[in-house]
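Several structures are given next for inspection.
What follows is a pair of complexes built around chain A, which joins chain B in one and chain C in the other.
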Partner chain A sequence: MNLISKTSPSVGASQARPDALNKVMGHEKFAADYYGPRHLWAGVRRAGIPHGRLISVSTEAAKQVPGVKKILTHKDVNGSNRQGVIQKDQPVLVDDRIRHCGDALALVIAETSQALETALALISFEYEALPGIFTTAEAFQYGAPLIHPTHPGGNCLLSGQLVSGKGLEAFEACDAIVELTIDLPRQEHAYLETECGEAVYEKGELSIVVSTQTPFRDRAETAQAIGISPEKLRIIAPYCGGGFGGKDGITVQSLLGLAAMACPDVPIKMMWSREESFLAGPKRHAASLHYRLGAKQNGVFHALEVRADFDTGPYDHLGGAVLGLALEHAGGPYRIPHAAIQGKAVYTNNTIGGAFRGFGVPQVAAAMEQAVDLMAEKLSLSPLDIRMKNAVQKGDKIPSGTTLKTSTGIRECLARLKAHPLYREADAWKKKAPAHMLRGSGMACALHGMGYGPFVPDTAIAKLELTKQGRFKIYFGVVDMGQGNGVTFLQMAGDLLNQNYENLELVLPDTGLTLPCGSASASRSTYTFGNALIQAVETMKTRLTQRAADSLMVGDGDEFCFIPGHLRHLPTGREFPLAQLAALLGPEERITISRYRALASKETVTQDTALQMHGIPHTVFSYTAHLAHVEIDTLTGGITVCNYTAVTDCGRLINPDLYQQQMQGGIAQGLGYALYEDFITDKGRLLTANLSTYIIPGALDIPPMALSSVDLQENTGPFGMKGVGEICIDPVLPAVANAVADACGGGRCRQWPLTCERMLEILTIPVCPPGADMNRSLI
Partner chain B sequence: MKLSFTLNHNALTLETEPDRRVIDLLREDLGLTGTKEACGEGECGACTIRVNKELRLACLMIAAQIEGCSIETIEGLAGPDQALHPVQEAFVQAGAVQCGFCTPGMVMAVTDLLEAIPDPDETQIRKALSGNLCRCTGYQKIMDAAQLAAKKENKCLP
Partner chain C sequence: MPAVILPQTLDELLDLKAQGHTILAGGTDLFVHMRNKKIQPQTLVCLDQLKDKGLREVADTGDEICIGAAVTHSRLIQNPLVQQHFPVLIQALDTLGSPQIRNMGTLGGNIMTASPAGDSLPPLYVLDAQVELAGKNGSRRMSLSRFITGPGATGLNPEEILYRIWIPKQPSYDLHHFEKVGHRKSLSIAILSMAALIGLTGDRKIRAVRLAWGSLGKTIATSPETEKRLMGTPMDDPAGFILAAARIREEVSPISDVRAGADYRRQVAGNLVLRLCQGPLEPLKQGPGAV
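So, the complex of A and B:
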C-alpha cells in the first residue's frame, strides 16, 4: 500500500495519518476489540439513586446465576478504594455513601454477557436515603446535606476570585454597562467508543488494555486504589475511539483491575453500554454565568464583573481545574483594566462534571462574547470593530491578570475575518431571507491557554530508537484519540531525519514500553511531546553522524547528511546504510531519550495557592475568531446554521489537514452544544439516557465550514506550532447566539441549548419585557 | 442452531444460538472486529454491514435472520492482496479518518450510496450519511471522501 509508505514526511504538508489505513479496513485494534481467549465479562451494578447511605449489598441471588464467577463489593478492595485526578474522593466501589446514580456498588465477573446482565439485575442493596442536591443554589441552602462531610469547603469544591485594577469600583467610571445572565447545560462527550478495556492478571502482574487519554496517570491512580504496586501494573493505550476529555481520568481501569485480580490468568473484558457511559462518565459542567461589562463612550472596555457557578457533580474529577481555566479565560482576548472575576465549583448529586474539550472556556466565552455584542449594540459599534478596538496584543494583560508574552494573533484573526466574503457579504445575504425566515450573522472570539499552568510540571519524555534494521521507532506516551498527534510526530522526526514513512514506526502509549508524557489533554499533546521529540532526534543525529565519521575515519559528523535508509558522506558521495551503522551500536546506543518541560509562568496573578495549583496562569495561548450565518424558521423555531467560518492563530501548521479536522470537529461539537445537546436530568436521574434522546449533530446538521489560519510563528512551539484541539469549540455557542440575536432584533436565550421550542418562545415575547430578569443594558 | 450464510464472499456454516446478535457473532465469535458497536440500539450506524447488498445494522439483527444471506463487512471490502476499495482509499486521502471508530460504518454507507448513485450531489451524500454518527470530524471531510470516491469510481481520477 503505497498511499503513505513511500512518501517523505514533511512538516507543513497535509499528509495522511498512517493509522487511517488500518482504520478504513477495519483492522485497527481499539481497546474495544480485544477479546482474549476464553475471556470473561465484567460489569457493574450502579446505584440508580442520587444520594444515600449504603447499609449493605446483597449478592447471594446473583451468585446463583450459572456462569457467574465472582461478585466483588467494597469489602474486597485492598487498596484505598478511592480515585480522582486531584482529590481522591471517588470510590471505586461504594463503601459508605452513594453520591450519584452512576456510583458503582458491586462488580460481577461472568462467563457470558448474558449471565453478567442477569446477575447484575439480581443484586440488591439496602440504604438510607439522603436528601439530594441538584442545583448549585441548593448546595448552599441552610441545612443542605454535605456531600463530602469532611471536605473543608462544605459543598463548595473550590471557589476563587481574580481581581485586577480597581475591580468593581471601576464601573463608576463607565459610560455604558451591559449585563447578561445565562445557564448552560451539561454536555456529553458521546465518543463513539464507550469506556472499555480488557485486563489480565498473571504471575502477580496486572496488564490493562484500555481506551484512555492518560495511561501513566491511570497507572498511579489505579494502583493505589486497588492495592497493587505500580511496577506490577501495565497500562496499554491503543488508538482511542474518541476522548474529548471524557477519558482524562479513570473510567474502567480500577474495576477491570479488581476483576482481573479476583479471577487470575483469564482476560476480563468490560465495555460500558451507551446508557452506562452517559450515566457514569463525566460531562461538561453545567454552569450559570452572570456578566457585567462596562465601557467608555468610545467603546474601550473598562470594567468586567463575572460570577460563574459550575455544577461539578459529586466528585472532584477535574472540576477545580476546569473552574481555574474558566476564571483565567473569563474576560476573553481583550484588554479590560479593571475586573472582578469570581467563581465556584459546587458539589451536587448530579452526574460528574469533568474535563471536556474547552475545559471551562466554552462556558465563559458563551457569556463574554454575548456581552461584547450587547455593548457593541449599545454603543452603535460593529461587533467586529469593538472587538478589534479591545483585542489584546503581545505584552498586554487579559482581565484575569495574565500577561501575554508569547505569540498573540487575535488581531490578525479579526483582520482576516473582516476580509472574508461571509463577513463582507453578510448584509446582502440577510436581505435575501425567504418568507417566514429570519437571517442573521454573528461572531465570537476566544483565547485558549495550553498545558497545565505553573504548578503541575507539564512534561513529556520522548524515546527514539534506531532499530537493527536501520529504521527509526518513535516511542510516544501521549495518546492519539483521533487528533492525529501520531502522524505529526512522524512528520517532525521524518523531516529532521529525512526518512520515508516506511523507515519510521510509532510505538503507541504503553507504560511498559514508552515513557511518561502526561495526558492527551489541555491542547498540549503535539506541543509538549513534539518539543521532546525534536531534542531526541537532534541527539540521535549527532550521535549517528559522529559514529559514521569515526567508522569511515573521515573528518566529523558535519560531513554527513541523512537520506532515506542511509547516511551520505557529502565530500565523497559514499552512502552508509543505517542498518550497517546500527550494527556497530549497542542496544543502549541506538536509543536517545529526551525530556521536555514546558515553560511555566513565573508571574503571580493571584496569591491564592489553590488557584495556582489549579493552573493559573498559562504562558502560551491560541486565538480564534468565528463567524456564523443562521436562518431561523419563524413558524417552527428551527435554526439552520447555513455557513460558518473561522480564522485561528495556532502557530504554524504541522499538518493543515489535521488543523482542519480539529476545527471542523470542534465546531460541530460546539453547534451541538448550542442547538441540540440538552442533557436533561430529574433529581440526578437521566431523562436523555441515550443517543435517541440526547441529540448530537448528524451530517444533515453541519454547515460548510471555511477555515483558515493566520500562520504566525510561536517560538516556543515545535516548528512554531500551538495547540488547536480545544480553541475550536470555545466561541461556537456565542457566535450562534450573536447571529440569532442579529436575526431576531436582539432576542437572546437564557437557558441553553437554543432548541426550537426556546427559539419560538424568544420570537413570541418582547426582547426586554419590563421587570423581567432578562439580559439587558443597565445604563 | 446450525447457521449457513456467506460472509465476505465465503460460504460459512456454524453452530450458534438463534438469538445471538449478529454483531456479537461477527466480533466475538468470528473475530471480525471492524464492525463496531457504539450504541447497541440502532442510533449510531457504527455497526453498519450489508445483508444481501442492503445496508443493515448488525446490532439490531439476530443470527436466525441471516440464514442463507450474503453478508458483507468492512473486512470484505478490500480486494485481493488487501488492495483498498476506492472508497477506503478516498477516506485516507481526504483526511476523513480521525479516531476511526465510526469509519467502518461510514465506509460501508458511502460504498452503498455510490453503488446506487454513482455521482451523488451534496444533499444525497448528507442524507446517505445521516444514519451514521461521527463525533470527531464534523462530517465535512467524510463528504469530501465520498465525492473523491465517486470521481475515482467514475474514472475521472487515476
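So, the complex of A and C:
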C-alpha cells in the first residue's frame, strides 16, 4: 500500500512519485531484476581491435565447454543483421568488417555465467588489420581508409551548413571580434543499470524485457535486424535504471532476440558488465569547435562563425541528429543577424557516438558561451549585461534562422539571475578567498528545442481505461527512466478526473499493452504524452458523464461532477460509484484513446532536406541561465564548485520536486563533463575502462544549488509546461569555464575536461591577454 | 566461487595461513583483484569470527599504541587513543574511500595491499610505525618502511599474517597534517598525498619535521634532505619552504599514468610542502613556476 494513495493528485504540487517507495524498498523490478526460474545466460565476444576485415570466427573450442548451449555468428542471422535509428549501418554480429573494439563477433548462450565466460574467452577470429581512424582530422587525410566504403559521403556521415544574413562577410562590419577553439571529450552515461534484458521465444513469439528508452522503435528495429515479423515481437520496458540517451537505440535487444530464437522456451538473460557498457555503449560525441563572434562597439552581436566537428565513431547511431541539433543551437539564445554555421559528423574507429542528454547542445553551448564572455571582457561589459543586450524575445530568430514562435523566457531568466544574492554578492565573496585560493564567478545561458523537429512525426498515443472496479488505468508508452514522467501523468489525469492516487494506476510501456508514444528523449516525454493524455481524459469525462445522464434520465452530462470514486449529480446531490457506472459500459466504451502530434514547424530554415530530416527547425524551446562560483587551489589546480544557481524557463511546473531533481541531476552530470570525466583512449582502446579510472563526481563534489523557474506559460504545453530534461546540462561546462577564467585572469582550457593537472598548467603559464594563445581576441 | 573458512582462534588462523590460504579482511581490495582475475584463490580465510582480541583491538601499552590489523578504518577514526595521539592518521583515514569502504576496509588490508597510493601509509611512515608479523613459530617486529618493499610487495613470509601495528606516541610534534590530491573529494585514489609532522620551538621555528609522500614513487617516498632544509625555518617564512619544495621536486622521478603525468606529480609534491607555510606566499598565486 502506497503512503500517498489517499492524497489527490494535483498539477503544480510536489508529489512523490508512485515508484519512489517501491524503489527504496527494493520492490520495483528493473529489467536487471528479471530472472526466470531456470534461465540461460547470453554474452558476446567483442572484437578488441579497432578496424579490420573479418575473415573467420572460430567457435569450436568454445562449443566444447560444458554448459554451452549455442554459439551464433553472423551466419546464423536471418534478418538484415543491421541496426540503427536513421542509417542502418551497425551489424548485430559482424559479417565483414570490424569497425571498433566493441563490435560483436559471436553470441554465446550458456547455462551458467561461468560457462559463458569460459566460452567467450575461447572464441578466436582471423582478420586482416586495417589502418584505423581515431580523430576527425585523420578521417579526411589523403588515403584514409573508408569505414563504410559504400557510404556516399565517405567518412563524413553528415555535414551541413546554415547561413543567415550576409554570413561571413558581416565580420567586416564588426568593431570587435573574439575567437575560441575547444576540444570536448566523449562522455559516458554511467547509469546505475548497465544494458540488460531478458528474452524468451515461445510458440513463435518473442518477448523481450529490456532496459530501454525506446520500446516501440526497438520492436521495428530488432524485428528487421534478426528476421521476425514485428507483430511476433513484444518489447516490455519496466522502469529503467538510468538512460540519459544511452538506451535511445538498440543495446541488447537484437542479441537477446537471436539468442532466444536459437534456444526456444527458456528465458535468456544478458547483462553487460560495466566494462562492456563502457566499450560497446554509445557516448556523448567528442567534438572540436571553432568559434568566431563579432559585435558592434555597443556590444550588439553582429556576426557568428561556427565550425563544429563531431566524432560519431563507427556508426550513425544518432550522430546525424546530434549534429543537426548542435547546428540549430550553435548561436545560443541570442539575436545575431549574420551567421555561418557549419559542421560535420565524422566516422572514426573510436567508440560509438550517440545520444546523451543535451544531444549536441552542451558541445556548442560550451564554445558559444565562452565566446560571449570573451566579447564582454573585450568590450568592458559585464557578462550579464552583454547577454541581456542580445537575448532573444518571442518573434526573434536565433542565428541558425529558426523563428521563436512560442514562449521565450531567457530575458526573464537573466533578470531573475541578476537579482539573486549569489550574483549580487559575488565580488564580496571573491575577495574573501583563503590562502592559496583563487575565486571566480561565471555564467552561461542556453536554449533547448523539444521534440523531433519537422520531419519525424513527434507523436504519442495515450490510452485511458475505466476499470470494472471504477478505477482509472493510464497506459503510457514513453519510458520512465527515473525522470518521473509517470507521476506527472498521474497528476494530470488525477487532477482532471479528481481522483485520488488509489483510484489511479499506471501501465508501463509494453508494445503488447500500451500504444506507440515515441522515445523517452528530446525533452519531449511529458510534453507530448501529456498532451495526448489530456485529450484522452477529456473524452473519457464527457463519455462517462453523458452515459450517467442517459441512464439516470437527467438533463445532461454537465450536471455531474467527478469526486474520488464517484460521480456527483449536482442538482440532487446524489453520488454514483464509478464502479456502478463501469458495470453499465462494455469493454470498448471504458477505453479512450487519443493521439497527439507535436507542432511541426512550417518554416524553411534550410533547403537541405538531410538537415530537415535530422530535426531542423524546432518550434518550442526551453531557456536557462546558470551561475557558478568556483575556487581554484593554486597549489594543486584542484577546482571546487562552491555554489551554483540556475533560473530556468521550462513553462509551468507540473511537479516542482521533479523540476528540482532534473536540474540537480543535469547540473551534476554537467559538472562531471566539465571537471572530472575524461574518457581516455589510445587508438580506439579504452584506457579509462571502468569507473575506477573514469571519474564521475560524487556527492561531496556537488555544490549547494539554488534552482528556480520563471514559470511562464507555454500555451502549447500540457498545463503550460515545456521540457527540462536536457536544458539543465547544456550551459554547465561554460559556466564553470567562465568562472575559472574570472578567477585566474582569463586563463581558458582548450582540451576538456578541466582536470587539476590541466588547471595547474594554465596557472603556471604566464597569463597574457584574456585566454592564453588560441582563445584570444583578434581586433 | 572460493570456499570461505571462518577460524575462531589465532592458532586456527595461523594453521590455515600456513596451508597457503588467502586472508579475507574487509575484502575491499581482495574482491577487486579477484574480479580482475589478478588472483583466483580457492579458499578464503575470513577474519570475522575470530575470538582473538589482538587483531581487533586498539591498546595503550605505555609508550606505544598497538592497533590490531583487522581494525576497520571507521573504528580507528572513532578511537579516542588514535584521535589523541595520531591526528595525522585520522586525517588520512577520513579521506580513504567512502563511508562504506571505511566500514569494511581494515588497516591491515591497507598495509598488505602496499599500494603507493595507500592512504594510511604516509602517516604510518612519518609516525615510525612498526608491524608485528605472527606465524606458528612466534612473532617478529620490523619497521613498516622496511616491511613494504614495492608496489604490492612486502616482507611477509607465506606462513605469516600481519598481526598488529605498533606506533610510538609522538610528544615532540605540534602539528599533524595530511593532504591528498585526488580527482574528486571522495572515493578517490591519491594522485599524490603528503603526511607531515612538525615540532616547533617557542618562537615557532621548525625544530623537528617528518614528511612522507604517497603516489610519488614505487613505495611511500621520504626525503631526509627536504626535511633538513626545513629545520630552523620560521613557520611564516616562505623562503625555507620554497627551498624544501625545490628539493623534493629534484629528488623524485614519479610515474605517469591515466590519473596524472609525472610533471604534475613532481610539481605538486613540492607545492604540498608550501601548503605548510603559514606566511604569505604571494608570488605563488599565479603558480610557482618551478621545475
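The criterion applied here is as follows: the second predicted complex is superposed on the first by the 771 of 779 C-alpha atoms of A that agree within 3 Å, B and C clash if a C-alpha of one lies under 4 Å from a C-alpha of the other, contacts with A are read in each partner's own complex, and residues count from 1 in each chain.
To be clear about the criterion, contacts are C-beta pairs under 8 Å (C-beta built on N, C-alpha and C of every residue); 3 or more make two chains touch, one makes a residue touch a chain.
All figures in this text were calculated on a predicted structure; none of them were measured in a lab.
By the document's definition of touching, neither partner reaches A:642: not chain B, not chain C. Measured by the number of chain A residues touched, the leading partner among chain B and chain C is B.
Contacts of A:13 after superposition on the shared chain: neither chain B nor chain C is touched. Residue contacts after overlaying the shared chain place A:554 against neither chain B nor chain C. In the superposed model, A:415 makes contact with neither chain B nor chain C.
Once the two complexes are laid over each other on the shared chain, residue contacts for A:610 go to neither chain B nor chain C.
Of the two partner chains, chain B and chain C are each touched by A:700.
Overlaid on A, the two complexes show chain B and chain C touching the same residues of chain A, namely 692, 697-700. Interface of chain C with chain A (complex): residues 98, 181, 183-189, 191, 258-261, 264, 267-268, 271-272, 274-275, 280-281, 284-289.
If you check the complex, the residues on chain A that touch chain C are 435-436, 438, 634-638, 676, 678, 680, 687-688, 692-693, 695, 697-701, 744-745, 755-757, 760-761, 763-767. Residue ranges of chain A in contact with chain B, taken from their complex: 1, 3-4, 14, 16-17, 19-30, 32-33, 35, 113, 189-194, 239-244, 271, 273-274, 481-484, 657-658, 660-661, 664-669, 690-692, 696-700, 702, 704-705. Partner chain A is touched in their complex by these residues of chain B: 24, 27-28, 31-41, 43-44, 46, 73-75, 77-78, 82-84, 88-89, 91-93, 95, 97-104, 107, 125-127, 129-130, 132-143.
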